[in-house]
Amino acid sequence: MDASGKRYWSTSVSEAEAADVFIRGYSLGELIGRLPFSAATFLLLRGKLPTPGESRMMDALLCSVLDYALKKPGTVAARYCVSANPSMVAGLATAVLSVGEYTLAPDQAGRLILESFTDANRAGAVDDAAAGLQIEKLRATGRRVPGFGHPVFRFTDPRAQKLKDIARAEGVWGPLCDWYEALHRAFTTRAKKPEIVINEVGMMAAILAQMGFTPEEMTGIAILSSVPGVIAHVSEEIQGKVRIRTVPDEAVEYDHRRRDLKADMAAGDWQADR
Amino acid sequence: MDASGKRYWSTSVSEAEAADVFIRGYSLGELIGRLPFSAATFLLLRGKLPTPGESRMMDALLCSVLDYALKKPGTVAARYCVSANPSMVAGLATAVLSVGEYTLAPDQAGRLILESFTDANRAGAVDDAAAGLQIEKLRATGRRVPGFGHPVFRFTDPRAQKLKDIARAEGVWGPLCDWYEALHRAFTTRAKKPEIVINEVGMMAAILAQMGFTPEEMTGIAILSSVPGVIAHVSEEIQGKVRIRTVPDEAVEYDHRRRDLKADMAAGDWQADR
Amino acid sequence: MDASGKRYWSTSVSEAEAADVFIRGYSLGELIGRLPFSAATFLLLRGKLPTPGESRMMDALLCSVLDYALKKPGTVAARYCVSANPSMVAGLATAVLSVGEYTLAPDQAGRLILESFTDANRAGAVDDAAAGLQIEKLRATGRRVPGFGHPVFRFTDPRAQKLKDIARAEGVWGPLCDWYEALHRAFTTRAKKPEIVINEVGMMAAILAQMGFTPEEMTGIAILSSVPGVIAHVSEEIQGKVRIRTVPDEAVEYDHRRRDLKADMAAGDWQADR
Amino acid sequence: MDASGKRYWSTSVSEAEAADVFIRGYSLGELIGRLPFSAATFLLLRGKLPTPGESRMMDALLCSVLDYALKKPGTVAARYCVSANPSMVAGLATAVLSVGEYTLAPDQAGRLILESFTDANRAGAVDDAAAGLQIEKLRATGRRVPGFGHPVFRFTDPRAQKLKDIARAEGVWGPLCDWYEALHRAFTTRAKKPEIVINEVGMMAAILAQMGFTPEEMTGIAILSSVPGVIAHVSEEIQGKVRIRTVPDEAVEYDHRRRDLKADMAAGDWQADR
């Protein structure tokens, strides 16, 4: 305890006793076999049981990325890693570390949705006019709008559409989702590009925001959804027995220059020193 | 392609095309909303759809650890990390890295089960006598038997028992599980310690082995099951706004010795150099 | 090669042949025993040999942090890690991951110095008046100025002063360093706080910027300087044989609430599902 | 403090006070500008000042690897990482994680040297006969001898030879180094392969063992020596602005099989469930 009588740590995630662990207050022993993993994930993060619909929504969200072959840098990095250090732990940590600024992470769209919604609410309304103002503000800064656009799909992204249908069916869809669609309408109108879609990462963000998750938690959930694929790749790589993967010489532009160390050190006054 | 015409990489986990991704051959677009995440995990790792029973077993297994308060080093390490670098990615990678030799990981029990079963099979039978031989061999090396024993439970571990009940109910229980129980009987008899239980990590290993997972994959699944708890802790820590956590001075035995650098360098012939 | 004939990778850091490696064009075989490690670090990053003065400056910079007892989150996280997973690799990676936004990293000061200098240069001059404008701009945004201030030192920070003296003596001091001091003068005058020092991290940044390093490289160098201390802590922790460190219960405010899973599931319409 | 009055943590690496840090008892303020980084590394790990010769030896050892182009998995993994997450911290941690079983790490040779030396000493002598016994024991287990052999060099490895020359010149060479050479003689004689060299990693291990480092610390030192090269590669990759590196399709053997989810779920009794 410090001077104020407050303990240094504080947590309400779980409490471990000798014979049981309590997850947000629920006995882990009772929970096993009753809750699907997706529901337990919701419980751990939101501190309350999901409805069955929210639980099925989590399953859909956790399945919406899953794996992306050898086109995801983190997967390739993890396979290079275990070709040298054949450890599941090292491979998984490596894959996690490749998630960031240039990957399609829901946290950026999530932050936009939450901040612009709060902003519009404060100004009085969250309608199409308000969405237009937000988009104009955003376009003035030159920043791109996260969650819009897809290399292949035009007008609609079928996977995003599917997540929306499930959200509606499970009773999860709500004002933050509507707001994101309003932002999308405002954007495509002003940019005169009706073909630009809400992609699946944008839709994930809108639904996760509606379910109460913070942007950092959205990144966590996106990483969680990618873990089984990484386990599969790491396992395949270890069983494949390629040791010490490299980049083949013919794929590299090396700088072939050669220099003379002794001459350059002498010219650089190193003689007096060595 | 190398000289033999073989490509440098090979994978059957997934294939990404412009408009869809194929997970072990199945369209990701179709999969969303149809498969629970636990079933998708099985599919990614085992390369085939689970039965509904196997899927429910995966849910139970993924829920059997979940979180362990501030009594798991990886959780504490992750919270220290994000008190300095408030990043979900860094926090999750940190927690993953604390899984290893001294944590209760199912891979050690899994390796024992698979190797001893193969060994016994080769010798002709996987019965109680064979289990006795395996245990005697193990005890001769002085190694402990992974998955046996619990600080509190004696005779039975209720959580392990629950996993067993579910495995039976879902049609997952099989010869490798029976073999692990035979090893347990042989051990408690020979050690004359009937109170020593099969703990939940041992039971997880037996069931995962029966379901066809490799020991490395078991570690991966154990890490997967702990990710939601770590997300919750990292999120709580970031929201708690404690910056730069340290260890309070009163908890540390510091070495208060002070030394004289100039004097010691002079005594150590550093004068000529500096 | 892609369609344009460009290879996928390109690097000038080093080239490995069967019997030797060439570091920025210099034979590694010749380099060993001739270059101090600090000079080799400069060579790898800047692509050219340092002068002997630059090499000594690197030694001073690399020694200016070194270790910070159990008051650095990364060190504590690394010790928690290896108490569970006794691996030098995992421990070092863990410590690296705790470097970020709230740690005193030179990259933030480095970015400020480089950007404001370019800005002022473009506007015509890098003098005190220009520094005043930059500080006013910065203060208007409410952002703090990185590299200024120390919990103990007032008016001067002896360690920063020492780095400055070495930079002058070794011929490394230059316009970017003068510019940072001009920013400091402008800040202390305008804020009417003459006692606020340039701290050692600010001074490191100014000198590293003058030597030509990018902000990202400054972070890399700061991490490099901390690696020996982390190796020492990890080694001490592994030899100390404390297994599975936790946070003692008396240091934690746990949420003792208990809830009834079956009742809450029933109330939440889970009956129909399970 | 626990019941025994012992504090939970104990360290002698450093102690941080308000105005100074003490590194193994020496004032950090005094140390800057006096000790080369290589000497500070020795001090942190061994708890005492090196001699000037030991310091130069450390410089030579830290320079003996440095970088290995795109033929080191950790470097490639780090570049994939920062093509997605452009962060020096993530890139460095990724590179560290690729050090392990299949990389040429000095810890394996170090462990062999220390254990066999202790063993031989206990048996009475550390001479050629004793070395022969140790090699025979090792060969009986089928294990390879770490630190012997090189893909190009036969009879001598010039880089290993150079490290030996420096160790002799700086007064660092000693009984553990002689012992490793005795093991090498015993091995080449018994294997009838006089051309097999002590490679540079083996020589590093022998010298580091002689200087008093533990095998885990040897791994730490090898990682330290590789950090500047990784910083250079990460910096080059970030500046190169390739975003989201993948593996080109033509380098991958994908499994093109396609399967029908609905049909397979129906066949697998999933209908009743969904």
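Read from first to last, the chains carry the letters A, B, C and D; within each, the first residue is number 1.
The rule is simple: a residue touches a chain if its C-beta (ideal position, glycine included) is under 8 Å from a C-beta of that chain, and two chains touch if they have at least 3 such contacts.
This one's a predicted model, so the numbers in the text were calculated from it and none came from an experiment.
Could you tell me which pair, A-D or A-B, is linked by more C-beta pairs in contact?
Contact tally favours A-B.
Have a look at B-D, A-C or A-B and name the one that copies the C-D interface, over half of its contact pairs being the same.
A-B
Cα centroid separation between chain A and chain B, in whole Å?
23
If you average the Cα atoms of chain A and of chain D to get two centres, how far apart are those centres in Å?
Roughly 33 Å, centre to centre.
Which residues of chain D are in contact with two or more other chains?
Within chain D, residues 8-12, 15, 31, 35, 69-71, 85, 89-90, 93, 97, 99-100, 247, 252, 254 contact more than one other chain.
Enumerate the contact residues on chain D facing chain A in the complex.
69-74, 76-78, 80-81, 83-87, 90, 93-94, 97-103, 243-247, 252, 254
Could you please specify the touching residues of chain C with respect to chain D in the complex?
For chain C paired with chain D, touching residues are 8-16, 18-19, 21, 23, 28-29, 31-33, 35-38, 40-41, 44-45, 56, 58-60, 62-64, 66-71, 79, 88-90, 92-93, 96-97, 99-100, 107, 151-153, 158-159, 162-163, 166, 214, 216-217, 219-221, 223-225, 227-236, 238-240, 245, 248.
Show me the residue ranges of chain B that touch chain D in the complex, using the header's touch definition.
For this pair, the touching residues of chain B are 1, 6-12, 15, 22, 24-27, 30-31, 34-35, 49-52, 85, 89-90, 93, 97, 247, 250-259, 261-262, 264-265, 268-270, 272-274.
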